[in-house]
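Across the two complexes that follow, chain A remains constant while its partner is chain B and subsequently chain C.
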Partner chain A sequence: MNERARLLLELADDELVVGWRDSEWTGIAPTLEEDVAFSSIAQNEIGHARALYELVARERGTTADELAFDRSPDEYRCARLVELRLPEWEKTIARHYVYEEADAKRLERLKQSEDADIAGLAAKIDREEAYHRMHAQMWFDRLEGEPRFTSALDELRPLLETGRDENTSDLTELWDEMTIVRRSQPAGTKW
Partner chain B sequence: MVTAEQVWDALAEIPDPEIPVISLVDLGVIRDVAIENGCVRVEFTPTFLGCPALDVMRDAMTERVRELGAEADVRVISDDSWSTDRITPAGREKLRASGFAPPAPRAAGTATTLVQLQSAVFRCPYCGSSETKLENIFGPTPCRSLRYCTACRQPFEQFKTI
Partner chain C sequence: MIFEVFRQEKKGQAFQHAGSVDAPDAAFAEAWAREQFGRRGESEALWLVAREAVHEVHDFPDEFDLKYRRVDGYSLKVRLKEARERAGTTPARAG
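Entry: the complex of A and B
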């Protein structure tokens, strides 16, 4: 796999998996407003993943769906931070903040890429991410200094750039859930 | 033989699948129409990347061009050329008239900030008052925020500026 494909897959896998994790709050978030927010953020992240997979798919003669769902769990390049199932609200918010902060820096770099497809898509994604960052910042300001939030930040921050070459059992479980419909279909099913 | 002008007119009749008061042309998502060797090439720029309406829009365009008796090649351009500033003045007025506050113009080169969203510069599409407040950055679809007008006590949806 070339460097370009590896970079795009890391990014796409992060967005796909964090999108699934965000969507786990649909219907059960602590407030209705947060239910709407996390559901909408999840939808955006999965849309970003699709556009990124499409860039790789074009080069490799495959499709976004095949890249998203037909690889084995150990082929995913996402960071440990996004893999974890976090049923605690303060940890969800801490992950959201840490992820959006790092994603902003990554997008800033990619916007300067000499590859016009990557630079263009990064700029487009960044327009939407600005709203995720506002949301994360709003919660950061509200929870800053709260002991549970502080320790969640300390626990999660180191997981940002680890685990891309290996997976947690949380990811394997998620993979099972997110590919079950696709795997249940006979080969050749049109989506 | 079909002309580009006929194609533009036909595309102007396709409603946005989620906000049917405005057309795809009003929304500014059609960047170019060209006729090449009898095939109609349409360059289409997605709005929000996670918007499920995108596939519906693409299929509707293909179908509409086929009704004109030509084959369509709808190309999705995922670069940065669409922003809410591409919504036409007519489109903005149609949004407002149906209770969606149109997006504020984007400040040159900068993303919207929370401070701007929390300020009272957004007008209620029902009564025109700027006494409105942010209820939720997010809404029922990726393109909308929720606001509340304290003058006429009406919640409303605000098209996000991107």
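Entry: the complex of A and C
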């Protein structure tokens, strides 16, 4: 795999998996308004993942769906941070904050890329991420100093850039849920 | 805190009440209102107003039925018709 594909897949896998994890709050977020907002953020992340997979797919003669769902779990390049199933709201918000903070820096770098497709897509994604950052920041300001939130930040920050070459059982379970419909496709069917 | 949300559909148009969001502060109200009232391209701008900041006014007594003060209370058409009947002049074509 070339450096470009590796970089794009890392980002795409992060976005797909964090989007999927965030979407687990749909219907059960702490308030109705937050439910709508957080579900929308989850959808945006998965939209970003699709656009990134499409860039890689074009180069490799495959499709975004095949990249998203037809690889085995150990081929995913996502960070450990996004793989974890976090049924505690303060941990989810801590992850959201830590992720958005790092994602902002990553997008800033990609916007300077000499590859026009990457720079253009990064700029497009960043315009939506600006809203995610605002959302993460308002929760951070609200929960800052709360012991549960502080320990969640301490626990999750170190997981930001780890585990790209290996994955957790959380990811394997998620992969199973994510791909179950696609894998159930009877032989010969075309979508 | 309840924030009333007013929505402007296009530049230059009047803001109209669109609904409300229940949020702990203005930052949350903004984030949530963006989602509920702005992300489908349906708004040019929003006004968020804390409900307690809205000065509400009710009850407008009009005990003596002073219809002439109402802009819609004075029909010239009917009066004109009555005047024409009194004068015995009917226009060639009713208009």
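We adopt the following convention: the second predicted complex is superposed on the first by the 189 of 191 C-alpha atoms of A that agree within 3 Å, B and C clash if a C-alpha of one lies under 4 Å from a C-alpha of the other, contacts with A are read in each partner's own complex, and residues count from 1 in each chain.
Following the convention adopted for this analysis, a contact is a pair of C-beta atoms (placed from the backbone, for glycine too) under 8 Å apart; a residue touches a chain by one contact, two chains touch by 3 or more.
Remember, predicted model here, so these are calculated numbers, not experimental data.
**Q** Is the arrangement of chain B and chain C around the shared chain A a clash or a fit after superposition?
**A** clash
**Q** Would you sort A:Arg142 into first (chain B), second (chain C), both or neither based on which partner it touches?
**A** Only chain C is touched by A:Arg142; chain B is not.
**Q** In the overlay, answer first, second, both or neither for which of chain B and chain C A:Ser151 touches.
**A** In the superposed model, A:Ser151 contacts neither chain B nor chain C.
**Q** Is A:Asn2 touching the first partner chain B, the second partner chain C, both, or neither of them?
**A** Neither partner.
**Q** Please name the chain, chain B or chain C, that touches the greater number of residues in chain A.
**A** Chain A has more residues touched by B than by the other partner.
**Q** Which partner does A:His48 reach: the first (chain B), the second (chain C), both, or neither?
**A** A:His48 contacts chain B only, not chain C.
**Q** So chain A touches chain B in one structure and chain C in the other; where do those two contact lists coincide?
**A** The answer is residues 33, 36-37, 40, 131, 134-135, 138 of chain A.
**Q** Could you please specify the touching residues of chain A with respect to chain C in the complex?
**A** Residues in contact with chain C: 31, 33-34, 36-37, 40, 131, 134-135, 138, 141-142.
**Q** Taking the complex as given, what residues does chain B use to touch chain A?
**A** Going through chain B, the ones touching chain A are 46, 48-51, 78-83, 111-114, 117, 135-142, 146, 160, 162.
**Q** Under the touch definition given earlier, write down the residues of chain C that touch chain A in their complex.
**A** Contact set of chain C toward chain A: 21-25, 27-28, 30-32, 34-36, 39.
**Q** Name, in rising order, each residue of chain A that touches chain B in their complex.
**A** Touch residues, chain A against chain B: 33, 36-37, 39-41, 43-48, 50-51, 54-55, 116-117, 120-121, 123-128, 130-131, 134-135, 137-138.
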